[in-house]
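Here is the structure we will look at, set down as structure tokens.
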Amino acid sequence: MEKYKIYAAGEFIDGPKQLDIRRPFDSGLFAVTTSADQDILHQAIMAARKAVDGIARIPSHQRSRILDEIADGILDKREKFTRIICEEAGKPYRFSMAEVDRAIQVFRIAAEETRRIPGEYLSLDWTVAGEGKEGWVWYFPVGVVGAISPFNFPLNLAVHKLAPAIASGNAVILKPASQTPVSVLELAKIIDATSLPKGAVSILPMDRSTGTGLVTDPGVDMITFTGSPEVGWKLKALAGRKKVTLELGGNAGVLVSRSADLNLAVNKCVAGGFAYSGQVCIHVQRIFVLKEHYPDFITRFVGRTLQLKRGNPLEPHTDISVMIDEENAARIETWVEEARQGGAEILAGGHREGSWFEPTVLTNTRNDMKVSCQEAFAPMVLIEPVETFADGVRQINDSVFGLQAGVFTNEIEEMNQAFREIRVGGVVINDVPTFRVDHMPYGGVKESGFGREGVRYAMLDMMEPKLLVKNQ
Amino acid sequence: MEKYKIYAAGEFIDGPKQLDIRRPFDSGLFAVTTSADQDILHQAIMAARKAVDGIARIPSHQRSRILDEIADGILDKREKFTRIICEEAGKPYRFSMAEVDRAIQVFRIAAEETRRIPGEYLSLDWTVAGEGKEGWVWYFPVGVVGAISPFNFPLNLAVHKLAPAIASGNAVILKPASQTPVSVLELAKIIDATSLPKGAVSILPMDRSTGTGLVTDPGVDMITFTGSPEVGWKLKALAGRKKVTLELGGNAGVLVSRSADLNLAVNKCVAGGFAYSGQVCIHVQRIFVLKEHYPDFITRFVGRTLQLKRGNPLEPHTDISVMIDEENAARIETWVEEARQGGAEILAGGHREGSWFEPTVLTNTRNDMKVSCQEAFAPMVLIEPVETFADGVRQINDSVFGLQAGVFTNEIEEMNQAFREIRVGGVVINDVPTFRVDHMPYGGVKESGFGREGVRYAMLDMMEPKLLVKNQ
Amino acid sequence: MEKYKIYAAGEFIDGPKQLDIRRPFDSGLFAVTTSADQDILHQAIMAARKAVDGIARIPSHQRSRILDEIADGILDKREKFTRIICEEAGKPYRFSMAEVDRAIQVFRIAAEETRRIPGEYLSLDWTVAGEGKEGWVWYFPVGVVGAISPFNFPLNLAVHKLAPAIASGNAVILKPASQTPVSVLELAKIIDATSLPKGAVSILPMDRSTGTGLVTDPGVDMITFTGSPEVGWKLKALAGRKKVTLELGGNAGVLVSRSADLNLAVNKCVAGGFAYSGQVCIHVQRIFVLKEHYPDFITRFVGRTLQLKRGNPLEPHTDISVMIDEENAARIETWVEEARQGGAEILAGGHREGSWFEPTVLTNTRNDMKVSCQEAFAPMVLIEPVETFADGVRQINDSVFGLQAGVFTNEIEEMNQAFREIRVGGVVINDVPTFRVDHMPYGGVKESGFGREGVRYAMLDMMEPKLLVKNQ
Amino acid sequence: MEKYKIYAAGEFIDGPKQLDIRRPFDSGLFAVTTSADQDILHQAIMAARKAVDGIARIPSHQRSRILDEIADGILDKREKFTRIICEEAGKPYRFSMAEVDRAIQVFRIAAEETRRIPGEYLSLDWTVAGEGKEGWVWYFPVGVVGAISPFNFPLNLAVHKLAPAIASGNAVILKPASQTPVSVLELAKIIDATSLPKGAVSILPMDRSTGTGLVTDPGVDMITFTGSPEVGWKLKALAGRKKVTLELGGNAGVLVSRSADLNLAVNKCVAGGFAYSGQVCIHVQRIFVLKEHYPDFITRFVGRTLQLKRGNPLEPHTDISVMIDEENAARIETWVEEARQGGAEILAGGHREGSWFEPTVLTNTRNDMKVSCQEAFAPMVLIEPVETFADGVRQINDSVFGLQAGVFTNEIEEMNQAFREIRVGGVVINDVPTFRVDHMPYGGVKESGFGREGVRYAMLDMMEPKLLVKNQ
């Protein structure tokens, strides 16, 4: 069992309170670390503030090399990081390794984007007042970024904050989820070995109230949060004058049209619905199928679902494992039961054992049932028929959330309509809303979020434009 | 004396409470209108919500023509708008006409930018996961914009919200300053004559508490505010999940270097210091002069100041007139007196009669005096010597504000240093911070604001990006 | 009958040789002007050279206003310009007026784009060698542009050279087609009334050998030519070190897929095939229809074709009139006859009277017949069935030309395939290749051209990038 | 002594004629290879044509990996490549290694840029005609690129063609200089080991007449040439309809202003004047010094010049070695002698032994002397006083060439004037024109070239835009 120090202001130290990290799969203790308190947090913020000018001055080739070194460091320990994620998050091996590879990719992209921080030219002589003047816009780092990341992608969703922060010349203090701090503390060792100034990065598990201090401290210039809508919007209210980015969740919808490739749609939806037990912000929760395909779709979908291989996350062929904790498994069990009592039909699954919840398929639900209108974050999908494509669009939009949506169609008009009318951050044609590559702009509208991530987009959010007016 | 109806949801109506508009210059009543209450506001919001889909679908050539028609409409009544601004704001004729011309220009720019709403292409095949996929990002209007504008540019600062809102396909509800609603109510007639859907624009004077309703109503998607820092930041806290843009004020600094063109610097600084009695967000408040130029600069500056022609704003040769009200004139009188008692020297001005306050020049001030550290928004500047260019940069930065700064220099190194190190939204080389053309990005950092205006920048703020992932 | 002077170096003068302008419709003389000789051309070039520095320094608001004044000037004489085009080019009234409106639009766009000449920022510190350096790229006018325009859009295709040349800060010397110089000489009067420096624009009808002088003169920096492939490629060879843009013709193809809206396809293809008697660079010459739609398409297409109203171009309801001259009408008559003898079937038309050639529809042609493989530039289309969509793509590509292509489909996959595989400058989905709006990039590949027009694209071609490396 | 096969259509073969590669330093034979004839060239072109569709379809992550593998391959043999360049080109070790590092960097940049091939969005509804339509511009590879590279950077100037060609999805056939083909034939082995389709790259030494075949063959779509102006412009005339990029030379000028940092200027100018014996396209040939600094500049410059260490290129501390051959050394000797007889004064150097030519400093030259007006491409600079900054600008512009220029100044106005008025591709402030980093746009105006290189710029040149008009 490994012991992890926390990483504060360039030093590996112990916080005042021990934090035991247990495997969700078998509740076994597999690592021990500590929590930061307000003092440690304060020191980290002070160190970050002191470091900002120096960080901003690092030439882009050096920032780029640092980011590449971090990517190399993760690659060197790819197997170790994979196993950590299996253990701390209960995520099946295959998906854990994919997450590690994506984290590497995010640092690689950041290494490239740091050399491409944009500048903009403006001719200012559009009126007599501007004659002889030209304008240039540059982007400067905000200073100190406070970052909060969730348990479900313990490495990569933290990296989506760390890498852009470094690439845009900021200092950053990360609060990882308390259940899953190990992979980022392992990462801290790699970051510490680079030539980044001490204080540029701190990685500090902390309890929620200490985390509030990170959000309210005047020494922090910006907050970037990934997690639940409930917590996210509360923190935004606390953040005062700071810039805030929120990456929250949703109840992502899929629409399968008349012209869809049904085979493709079924395969993608099973993956999008049950990967990592649906504990993914863009998990496929609601599938709407044009009525003529509905019976066929149901049959194939349920068939595929039953083939998913349950097991220990550390075993390479496991498709699906436990949820993060029993509390969440119990929650979804209740929701499904409520739905059943309200008239929903369970086509597959529905049972729970401890923190294991069967891959579950519902139909005949209503939009006001929790399984439909709230974020399930569980291995559960509902499949409903729709009369027309337009009905399907309306169904997807009938939600307080708006992160991503998937549409299976081969018609140009349907693609156009879907893109124009579905109110989300991203519409994915012929794939599930669960699709994400790490350089694309990613984020939600309505209650699903505020701002966009994706390396370049996150970097832009972490900078302020400054205009130079040059009177010749 | 003209009576103005208010413009709610496409109708010209009377609110429940009369609003008398008096000339600051002689307290004469020159127009009468009414205030909207919560009911009227609510109807306007409902109408705006109903209009949003229709507005978003208007083809760009039509949106462009509508914006051009508004510009034409103002141009046709250029003289009338000019006189209104003289009367309602007490702004000298020459400056009032310049404001009208700028408002025309803002609509012209918006007419062009509405056809240039950007789209962005992303190759997504950076990894195997993205193979065969491409991404397109488009920008969609947020929906309903709530806009609040101040008294000092009663037309143009409102237009900086209306024009981008229309150009980006949004509905907009404007609350003008209660002292100066006339020019925008005149504008409402022009807007109403276009083919914009009813409800797309409402212009509603209202008291502060009704205004709070605009900020908190869930039917409004975004708030854009120009006004005082105190009010602005409060509203941001009330705005909840909405996007917010704040254009606030500051205590803008100028730095006159060894290599400066002194003549240019003096002329520009007098203009930037006293235009419209300093009631300008980017009014020159603090001038730092390299010590070798200090005596000469003082002499010339005071000489020029004494030449400014005081008078009725409606007279074409008036350089400077009364402040917006006696309250503000009394406030600045107190600040100057406090400074004097604290050791400051008054080189010119310092006296008040009613709402008239003499153009005032101070030196020997300290950074903690109100005349230095708070926003004066009055015809008052302080001039202080500095030992080195770097000292001057530090002085300008020693402020909670950061809107714009001016630097007079002919040295490349000083230009670079100023741009890198001065923490503001815009650094103006060889002109005063008061410089603004209407298409440049404009806005502050620190307590001076949040976000940027300038037509294209305001438009981008009023839209949400949406990603289309197209799996070929 | 009006007499037109030619416009050389800012003066309206007479050339040594008279040029009679006759109406193609009735051979009537309707205007007289003169041809420039080498001397006049030389003076124009010298004047242009002298003007270049001054032109380049004009602030963008002034350049913009000049371009807007020209647009206004055309608008004021909209009716006159329309009639001139009817008379000199034999173009039906409705199409002539549309051309005038597009010329106005081109100047309006240029008035906007001249304020948006791009600048580009580069961080140069990607290696140690670039540390402390930044790069800015600006675009500077090439100097003197030589422009040659054709008869078929006597005003607008000349304007597509004049407007970008002025907008990008160049001097320009235009050689219009000898049959149709009147509309641009009328335009010269409007241009002359602006504040453009004398010599900035010259408009000189000249014979081909004098035109060669324009292409070879070392005082001219760039040649932009619109006309026949044969002449265009020859001129490019003569142009030596100059930049050259060629907008040539083609034998544009349309593909009507299984999922096409047949009604839309027929209507658009009849318009694209016979507008201005097919004397359009992107005239629809070859239509390929998926075999299941072929019989129906033929029937509808021929029906529509027979409804086209023949007449005097000056009459408002004329759909189709004479060709530019008898020579061309005789040429196409011969080609059609050759095709007939080679096995082609004439479904409609085929007859000639003088310079009138009936709207003609062929089928059962082969790709090596002149009617298929050469540029018809006449009111003639061929319609052939294809087995599969891929066959249709191959057919369109089986050509030495590649300007634009049209594809009628509602399938995403077909749209993707068409865009990827058809080798042309532009693929138009659900419209004909004849589609052009004046700000889009327009130009061909293969033998159809070199470079792109469309205001912004033409402007970029008329400028050179210059890099500023600034070592801080 | 190593034998090198040539690389044709994916095979390593022998051409019909042997090519002996000798060291310029001691005429020793150090490698043997062969020349391609027309047959081999033809097979390479055929193979390239066959490969183009496949190459264009490679996903960007794969193209990126291939380019990174090539960079890795060079890095693995960094020492070997360095020695080869020392031997084949007579370039001192330090500079040879720098060249190898830059070649690696070029492939790295290309690996990044290949994922960033731009797409462009256009709203087309600026007029009624475009309503409901949108436009997207993509860039597609031209097909087969013919590339010709010179002796002076035998690896990196070839890589500036190979890397962008691969990154933009083209096939490429490279003709290296006959004196220096070894480094690129070594590179061929690395390229061959990647998964690029056979035929994608051929590297073929050939004599000039075979090279003409590459330029004229209709199977080649574009020619990119780096070399002498004389040859370059001739090839352009032969290239017919092909796109052509020419990177030629010049007689680059430097201007040292009153406000210059003299020490910096001297150090940079000595490096820029004598690095690789001045055999660099942007070699500092003409230095103009404001008269008050002239005596001091001369003294320091000559002093530094005399310290340069002559020696064998393979020795690490050698600053300067022989020229590429005796012919060139004799040529520059003659030019200097002519200048001397015409009144020029030789401040240092001037003597020749075989292919060694002393670092030579002239003054009192006239602009019509060969040492001034022609491209020296030799270790020779001239230094002349100028009265004013404007005179210096005029002197630099008094040349048929226009590649880059250097200006040493600390004044904003002088920077502005230099950038606006010096007619070159790049103006370098506070460094020599010899400055180049591999991602910046690089290329000349006037007789110095046509088009721009620098990875992204070269890639854009190697692609054609294609517009998709999508009628919704």
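Couple of notes before you dig in:
All chains are identified by letter, namely A, B, C and D, in their written order; residue positions are counted from 1 within each chain.
Keep in mind that, in the parts below, a residue touches a chain if its C-beta (ideal position, glycine included) is under 8 Å from a C-beta of that chain, and two chains touch if they have at least 3 such contacts.
Everything numeric here is computed off the predicted structure, so don't read it as measured data.
Among the remaining chains, the Cα-based centre furthest from that of subunit C is the centre of A. Contact count check for B-C and A-C (C-beta pairs in contact): higher for A-C. Averaged C-alpha coordinates put the centre of subunit A at 51 Å from the centre of subunit C. With each centre defined as the average position of its C-alpha atoms, the distance from subunit B to subunit C rounds to 46 Å.
The distance from the centre of subunit A to the centre of subunit B, each centre being the mean of the chain's C-alpha atoms, comes to 37 Å. Counting only residues that touch two or more partner chains, subunit B has 122, 126-127, 130, 138, 412-413, 415, 429-430, 470. Contact residues on subunit A toward subunit D in their complex (touch as defined above): 112, 412-413, 416, 470, 472. Across the complex, subunit A is touched by residues 105, 109, 122, 124, 126-127, 129-130, 133, 135, 137-138, 233, 236-237, 240-241, 243, 415, 419, 424-431, 435, 437-442, 445, 447, 450, 452, 464-471 of subunit B.
Interface of subunit C with subunit A (complex): residues 59-61, 64, 115-123, 125-128, 130-132, 134, 136, 138, 259, 409-413, 415, 429-430.
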